[in-house]
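The next part holds the structures, each set out as structure tokens.
The following pair of complexes shares a single chain, chain A, combined with chain B in the former and chain C in the latter.
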Partner chain A sequence: MFRQLLYTQWKWSRLVLLIICLASFALPLLSVQGVRPDDLGRFDIEQMLAGIQTWGLLYPILAAAAALILAMTTWGPDHRGKHIYALSLPIPRWHYALLRFGAGCVLLAAPVVAVWLGALVASAATRLPAGLEAYPTILAMRFALAALVAYAAFFAISAGTNRTAGIVLGVIGGLVVVQMILLVADTNINLVGPFMLQLFVWPGPLEIFTGRWMLIDV
Partner chain B sequence: MSHAVEIRDLHYRAGKTFEIRDLAVNVPTGSMYGFLGPNGSGKTTTIRLMLGLLRPIKGTITVLGGAVPRESPRILARTGYVPEQPHLYTSLTISEALAFHAAFYPTWDWKWANELLGQFQLRRDQGLARLSKGEMGKLEMLLALAQRPELLVLDEPTDGLDPVVRRDVLTALLDYVSQHNATVFISSHLIHELERICDWVGVMDRGRLVTELPMHSFKSGIKRLRVEHAPALPGDTPFVLLAREGGNGSLETWTVRGWQAPMRQYFEGVGASLREIVDLDLEEGFVELLRTFREPTIGA
Partner chain C sequence: MSRRLLCTALWLAACAAPAAAQTRAELSQRIARLTTAFARAETARLRADSAARARVTFDTIRAGPMRVLAARSIVRAVAPAVDSAWRALEATFGLSARIVGQETIAVQFWGQAEGNIPFDSPNTINLPAAPPTELVTRYVIQQGSRIVRQTEDTQLTSWLSPQFAPGGPALDRLDVVYVELATSPRSKARSCFVGDLVACRAALGLAGREDPVRAWYDAADRRAIVRRFGRLGGDVGRCQRDGPDEACEAALRLIPPEQLPRPLSPAAQLSLLQIVLDAGGPGAYDRLRSSAAAKHSIEERLALTARVASGDSLLSAWRAKVHAARPHTVEVSAGSAWAAVLWGVVLGFLALRSTRWR
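So, the complex of A and B:
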């Protein structure tokens, strides 16, 4: 049962998954392009780390994009068929959703492995200046966790109807618009800030997306 | 008589305009039950409620002895379902669709599925997106049959299919039923098709069950009578007067249900004379039935 669901999801998402995997493999390699250990002073090392940090911004974005695309391709065909086929299968609805979620997680492992391999190759191919370390496995694990959190969120939203997704996006969009109006009106009311704090500051669920994503660090 | 499907006092509402009210359906075990009704009468919704795909506001549904929706997975494992619209994943090939479907049904019969593939002239490597309507209809029927169900729920399975494909699909269905004594619940607005294969019929209109009876009763009891000097008020008739229309002079045309030959005497008793009895075919009877259901005062 799970194998069949995994197969269908792989078939629906294989092309886009391939592109994500290529990007995931390339990102660590690109992030260490400027690293030349010879004749590096302290200022050069700081600059180099700043460059790696800039590239690092792309890891959480890539993780979220991979999760979003996989979540959408997971539910897309069921949405098109108005879920009739899925609902007529002889398993409880929660079981079906769990199998689909599990299959998506397995597929999500591909970009994670691609990041890990890319990071391993990038680390091996780079002579690091004294005092710096490469963290390919930790980076890949962090990428995996971010992708998983994003996938869970997008999976839940995609599982609902277009109306549900519209309501969720509408509420978020409405909050942002109201906040912008309040800013223009020069008030001190901050609506979005407390939500962002709850989400992005530990123990918020999206904390994993913040901070420094460094393949090479002190 | 045991029932494969029992629906009691079912109530469901979709939007502001459509509702199913006080629906009661009994499908005898082992029967071929034709579920008739015009488009939009609630046939598909009833089927979806029956299979637990939709949740009713109130009422009870029992299918194969299990309560819907509480026991839906167990029931669905023993039920073959062909929906009105193709619902399969079109990115798969036939072979992949079979493997996917088979994984969910413990009673799946690969040997028979392969036989049906040959019988329906379907190629394993064909993509579902490229199948014609007829081929898709055959594949849907194949999937429903190869899981060896005790109950087949078919929602307009031959709608839009050409006569050759329709014959193939119905032949496979009848073969299966004759060998396994399965119950078939088949909805359609193709009356003549159901007339040939069904032994029970339920008629639905505007979310309500109009009638439910054995097919032979439905077929034989509906007549058109030419009546001379018909009384203005027919009084207590031994038959159900569905409609009466004035004709030339004193001659009227009555459409009746539940007609039997000894009922001729009724006309002598009210001073009328019966000039002619015309057998109505099922389609005419069906139309008259719906007409009187929608305008119940017509025969009064």
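So, the complex of A and C:
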């Protein structure tokens, strides 16, 4: 049954997956455009690393985008068909959701492999200045973990009812609105800051998205 | 026709005659006239500036011996910054911080009620409208540090070309020094990175100041530096055309020694000085600039200031701190990886428990 579900999910998402894979392959190549092995001064190196770091911002964004698109295409047809296909299967709901989750994870491997291959090609094709190293495998591993977390989050939201999604978004939106009101009222109360810290500082779920996403670094 | 000819002849005659002030004597006279006029204008400007200042009511803010002049409308905003700045200066420079009292610092904000006041002092700080207190503090600290630096001896100032100011980026940016040390194309910096303290001395400009061309660079460095000069003739050209190292050496000797680029940037020297002052504790800066210290080499002075046994200990400590500040690369720690996997499982589990079909 897993193979059938994987096949259907592949059919639904192959076009968009192809685009994501192309972007994933191209990103490492684009990020090393400014790298050259000449006799470089301190500011040249700083500028070069800053350029790579700027491109690096796109890795977590790409991981999140790939996860969001896959999560949406995983559940989209089920939602549109009122879950008749799923209900007709002789398996409990958790089993069905698990199969869908697994199939999505397998498809998510494609952009991860594309990032890895792109990073390997970019590293091999670039002559690095002394002291700098390429980290293609670790970068791909980090991309994979970020994509997994984002996929699981979006999958959980997509799998829930509209009410659940509404509550999640409502809580986030409400927090932002209250914070804005507090700011306008010139108070020093910071509601969003601690919340963000919980999300982005270890062991928060989004910690993997933070830090330097550098294919080339010291 | 004849009228056109006449006009042409007159025009040619006018061109052929010497123009006004073309002779040397006339030119000298004109320069003298302009110089006098400029001096008169400058005097008038100073008088006008002085009159403009006289119209404004200033308050003098005092913190220790430090005196800061500010227009009355901004005194409330400046006073806390002056207080913080003095405490920072005193904490770093110790008794030497009292030198700031020798000069008066003026602070003004853009758009202040009294308008822009023309000050004729290098100790004037012009800031944007309603700046945050931290910004005012930082600028007052920098100005105070500048006054202190003016009284440093030449050995110290020639070693450390940039101005050292407390609270500056010297320690916060050790990661930048790490990147520089790890990626510098200069042989001394690379050797220093891997632990050669003799090379560290040269890279930081602590040693080899008598003959920096040979002491700070190897042949490859010399050629690489000269290649950046642009196309020139003589020794520069010979060096650039893969000539002998002697040509590269001669080309580098065209640059005054004090202007030769050091293997490591001033940021590295600032970080060393900050580490020295931190290690030395209270009174460290006073020891650094004491007349007893001035008799020693710069390396010995720094070691005495830091109260360490030798320059080697000092450089080892500096290297250790720089290495500890290595920027975190893309690498994923085991904790981060497990946390991500765990969150993936938890969120996936939430999806399995969804009430969608109930």
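In this text, the second predicted complex is superposed on the first by the 218 of 218 C-alpha atoms of A that agree within 3 Å, B and C clash if a C-alpha of one lies under 4 Å from a C-alpha of the other, contacts with A are read in each partner's own complex, and residues count from 1 in each chain.
Please note the rule applied: contacts are C-beta pairs under 8 Å (C-beta built on N, C-alpha and C of every residue); 3 or more make two chains touch, one makes a residue touch a chain.
Keep in mind that what you see is a predicted model, and the values were worked out from it rather than measured.
Room for both chain B and chain C is found when the two structures are superposed via chain A, with no clash between them. Taking chain A as the reference, the larger set of touched residues comes from C, when chain B and chain C are compared. Of the two partner chains placed by superposition, only chain B is touched by A:90; chain C is not. In the superposition on chain A, A:214 contacts chain C only, with no contact to chain B. By the touch criterion stated above, A:7 is placed in contact with chain B alone, chain C being left untouched. When the two complexes are overlaid on their common chain A, residue A:202 makes contact with chain C while staying clear of chain B. When the two complexes are overlaid on their common chain A, residue A:148 makes contact with chain C while staying clear of chain B. Seen from the CA centre of chain A, the centres of chain B and chain C span an angle of about 160°, rounded to a multiple of 10.
By the document's definition of touching, of the two partners only chain C reaches A:129; chain B does not. Of the two partner chains placed by the overlay, only chain B lies in contact with A:81; chain C stays clear of it. Put simply, chain B and chain C get as close as 6 Å, counting only Cα atoms, in the superposed view.
Of the residues of chain A, those at positions 87 touch chain B in one of the two structures and chain C in the other. The part of chain C that touches chain A in the complex is made up of residues 176, 178-180, 182-185, 190, 193, 224, 227-228, 265, 267, 326-332, 335-337, 339-348, 350-357. By the touch criterion stated above, chain B contacts chain A in their complex at residues 51-53, 72-77, 81, 83, 85, 87-92, 96, 99-100, 103-105. Looking at the complex, you find that chain A touches chain C at residues 39-40, 42, 45-46, 49, 56, 83, 86-87, 93-94, 97-98, 101, 129-132, 135, 138-139, 141-142, 145-146, 148-149, 151-153, 155-156, 158-161, 164, 202-205, 207-208, 211-215, 217-218. Against chain B, the residues of chain A that register as touching in their complex are 1, 3-4, 7-8, 11-12, 77, 81-82, 84-85, 87-92.
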